[in-house]
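Order as written gives the chain letters A, B, C and D; numbering starts at 1 within each chain.
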Amino acid sequence: MSAQSVNTATIGSVRAMPADVQGDLNDQVRVERAMQSFAMDYGAMTALRLESCIHCGICADACHFYIATEDPQYTPVLKVEPFKQAYKREAGPFAFFFKLFGLKRRVTTGELGNWQHLLFDSCNMCGRCSLICPMGIDVSALIEQARRSMFDAGLAPAELYAKAKHQEQTGQPESSAEPYREKLQAIGKQHRVEIPMDKPQAEVMLCVPRTDIEHYPKAVAALARVMQHLSVACTFRSEGLVAENYGYYAGGRDWQRQISLKLIEQALACHAKMLVVPECGHAYTALRWEAAELYGKPLPFRVLHVTEYLAEQLDAGKLKLRRADSGAVTFHDPCQLVRKGGVMQAPRRLMQALGLDLHELENNRAFSYCCGGGGGVLDIKRAAPLRYRAMESKLREVDDTGAGTFLTSCSDCRATFDDAKAHFNWDKSPHSLLELVADNLG
Amino acid sequence: MELLEFARGPALKVALAVFCFGVSWRLVGTILLRYHRHLSVPRVGFFKSAMLGLLVGGSRSWPHPQFIKRTGYGEALGYSYHIGLFIVILFFAPHVLFIKSLFGVSWPVLSSSIITIIAVLTFTLLLAVLFRRLTYSVLRKLSNFDDYFSWFVTTLVIVTGLMATAHFGARYETLMAWHILSFDLLLIWYPFGKLMHAFYIFPSRMINGYFLARKGAPS
Amino acid sequence: MSARRLSDISVRVEGGASKTSSATGTIGGGLIAIMREIAEMLERLALYDEPGSIDLRTLPFSPTDYQSLREALGNGEVEITLNVDGISRLRETGYAGVWWVEHRNPEDELVADLLEIIQIPEIVVTENDEIARSASRLRERLSIHTAGGIIQ
Amino acid sequence: MTTAKRLETIEDVLTANGVSRRTFLKFCITTASFMALAPSMSSVIAKELLKARRPSVIYLSFQECTGCLESLTRSYTPSIENMIFNMISLDYDDTLMAAAGKASEDALATAIKENYGHYLMVVDGSVPLGNGGVYNTQAGKSAVQILTDSAKGAAAIVCVGTCSSFGGIPFANPNPTGAVPISEIIKDKPIINVSGCPPIPAVITSTLVHYVTLGIPALDAHHRPLAFYGNTIHDRCYRRPFFDEGKFAKSFDDEGARNGWCLYELGCKGPTTYNACATVKWNEGTSFPIESGHPCLGCSEPNFWDRNGSFYAPLAAGLIGSVEPIGEAAGVGAAVGIAAAAVSRLRSRSKAKPHETEKQTSKEE
């Protein structure tokens, strides 16, 4: 299965984008398969969302890709428009008519690349459009579904596909010189903290973002240190270590399920009462909200984001914090946690306990703009120029707070901001809230 | 048979039948699709989430303050012509009588001069809406036949209605016939285009509101 | 050209045409058109002896307009009442040659309301044929009298 | 109408009847004003009328109730309307004439012969065509036969009343006699329809005056004189302000009815009825139906008996009769919707097979 690229012709005024393809299928078959996958994989809720759209265009005003470029092709609901047509033709109540009279035009193979560009490169699945839609359509849910159809047709971006596949097969999204298990132990040694690993029994099971292992080892150590401070029976499991889920990004549902299962099985194996998701936004969505659906039954343990867990411990009086000496700080709400996950107060509770002088961003909490890297966009190389454009206003918002310290609670967001820092020579560094907590344990 | 009789009689009957047939087909055909049990443990219980969901049915009519700066104009335009349409449809005496003849219920009406002013305003707003659809790049790219045709049938009813009240362009009964025929056309088109949003808007908002609420996310 | 103030422009307000006229009221916007028409008709009458008339019931007049027209035209010296299949009232207005003519049916309802621009409305004038007929009728009666009839 | 000296011109008639010149002039002035003609036309009318040869008029009655003729003869200003009868030479009218039987048949034949090509034909009543026209016969001749025979030599036809103009009540559903209006039979003569059930007498006479003096008046789409049928009752109705304010009587005995509010809700057909009732009124200008508290029936309009569902159904009401078929349509729609959903569900299950590239089994949302 080689990753290929098809160059597509210019469509209308829109610059045609090259598409990554998987498998050996002709384009027409791919189109058919994408459409069918979408049309056949829906329920009443999806139908309701598709039927409701009145083409008011208001969702464009929520999307940082549109706002930055003013290019109408980035209108969120337009990204699923071909699929909406497919639904109408294949599965809607009037499918018969549409088919009979050929009312809904089939999507051409020439547009494949554009879809990939629109659904993957220029959508963080941040869900801001779902909050603005006057018809109450959850546009990001439709995009998630469209991504799955693209995957089914072998039309996922090469980077996401490769990482998802790697993770499904090996448990980690890419190969590393030494296994993550050993890397973790090395981090523990370096930061003089014990990394609990493969304990047969634990109240709390931990996992770790690959991003942290590779780029922010201090955050890994911080997690271990905080858990140690709380003296809770906890453990990492070497068979279910990585928090991320590239299956979710790439749209490979089965892979997403397999990857989630690794963690679920390990949590069951160590009889964990809860699974604490580290500072990783989409891992939270995948585990907290989607894992049970893919698993087929409710999970027999709680799934909490680390900030949620720590806020709970704080309220229970178990977590003691010193006042941090950080001056004015500002905080970026990761979309998957706040807008799509409901984790809104926990990080603020922690920052309050740390006595931080929090200067909120202009658009905060549920209205926070995405960092631009979510939904796997950070991993798609060709998407970088567009991503930089889309995040400029976000960086400006951070600057406008005048805060010296910039915090967040998602390592992907953090990596995206670090990448931007290098690109723009930005004078700020994103910091981990967890690290700040670990540094100020009372 | 005169045109007016045709419009009020057989044409109206067929249009109403098509409307009821099409609307129930489309609604039932959507509602009876598969439902998935949501297995993740909700952050907010079912009852409270459902209540919050119901609330979103109304609260989405007013944009979140964070969005108003960008969406205010478009939303004000959109909602105001809807309000105009509702007033004209529901509070013009002949319309109330029409509704009474179908359903047997009636209510107080507004004076014709007020209705005429509102109808003219609504028509102006509809023109502005079309202008925006044609000039705003997002809308132009998004729009298809459904959007323009639905605009057309809606505006046609307003225009013929205004012509009939102003006795402009033809004899009154001819204008009335056009007005009713254009309404018949709207009824027939209704189930097949985006005009159906009148039926979908509240369930759609409420369901989105419910799903956000059960995750504890703002809606 | 030096700038002038509005008050510098000499304006002469034209009064009524007749001494007995009460037509000193100002003429309001909607009335100007009809007053112009009357003036034109008067000129034609004077120059070419060509009478004219205006049917007041066909004009889109409000009662106020109507009243204003009445005041603007005023009353003249002549008022004639005819008893012809109901009462007809003909009044010369403050403008000589402009007659306000009202015809009423036997039920005293207004059936025609006109302005006639003429020396004497046609309906008043007795025509030669009629005069001749009167003469012959009178003669006839006299002959009956001379034949011994009784004049009552 | 047999005087020693034949009265050739209208002036002869006027002189003979002692109608003064002023009376005549006043009549001409009021007629011109009434027909919305320029006032200067009154002298034209006067001049033309005086000169005019008294036109021969043949008045035929078919399927009718004589209400129209009653209306005409009971008109409120006898002197003037009588004058009309004096201005025309009514050579045949089987209702008014003294002659009967053979004499009356001869009168018709003579009138047609003497004025062939010049006489005016006035018709009231519709003409039955069913079963060969047997439903209306006179002296063994069917109405349609009499009409076509008489119309051949007519200069023009004035249809008085809704029956002759548009078919009227005989034409109403189920129309057992196959009645039709005159215009359905006579296609090659100018026709003036003076509709109404009955028409306003002054409208009939003024139309005749216009014909005699100035020829055929301006007509609307239904061949009615525009001067009288140019506006709807609604447009000229004194209750119109209540319509505009949205004040309606809801029943015949409610506060609204007592206050004289608009009768639209009680089924008034004023908005679609073209006639002069609201301005000319009836019974010596006393009143008209709306003024006496009853909605307009729309009697001067084609098909008035059937076209609005009911005299008491508001104009805005739909004419859809039973709503059951519409309910059934909704039911059938729901059934089709169920089928469509079922087909979609089946299709989605059968299509949910593993793909060749990667195994994709799970299909939950």
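The definition used in the following text is that a residue touches a chain if its C-beta (ideal position, glycine included) is under 8 Å from a C-beta of that chain, and two chains touch if they have at least 3 such contacts.
What you see is a predicted model; the values in this text were computed from it and never measured.
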Starting from the Cα centroid of subunit D, hunt down the chain whose centroid lies farthest away. A
Could you say which chain's mean Cα position falls nearest to the mean Cα position of the entire protein shown? B
Expressed in whole Å, how far the mean CA point of subunit A lies from that of subunit D is 77
Expressed in whole Å, how far the mean CA point of subunit A lies from that of subunit C is 94
Centroid of subunit B to centroid of subunit C, CA atoms only: how many Å? 62
For subunit C and subunit D, what's the span in angstrom between their mean Cα positions? 38
Residues of subunit C engaged with two or more neighbouring chains: none
Contacts with two or more other chains, residues of subunit D listed in rising order: 337, 340-341, 344, 348, 364-365
If I count partner chains per residue in subunit B, which residues reach a count of at least 2? 25-26, 28-34, 36
Those chain pairs that satisfy the touch definition: A-B, A-D, B-D, C-D
With touch defined as at the start, can you tell me which subunit D residues reach subunit C in the complex? 20-23, 25-27, 29-30, 32-34, 36, 38-40, 43, 76-77, 79-80, 284-285
In the complex, go through subunit D and note every residue touching subunit B. 221, 232, 234-235, 243-246, 248, 264-265, 271-272, 302-303, 307, 313-321, 323, 325-327, 329-334, 336-338, 340-342, 344-345, 348, 364-365
Which residues of subunit C touch subunit D once you look at their complex with the stated criterion? 52-55, 57-58, 82, 84-86, 88, 103, 105-107, 109, 111-114, 116, 122-123, 127, 129-130
Report the residues of subunit B in contact with subunit D in the complex, numbered from low to high. 2, 4-5, 8-9, 12-13, 16-18, 20-34, 36, 93-95, 97-98, 100-102, 108-113, 167, 171-173, 176
Provide the residue numbers of subunit A that touch subunit B in the complex, in ascending order. 42-45, 47-49, 51-58, 60-62, 66-67, 70, 72-73, 75, 77-78, 81, 92-94, 130-138, 288-293, 295-299, 302-303, 338-344, 363, 365-367
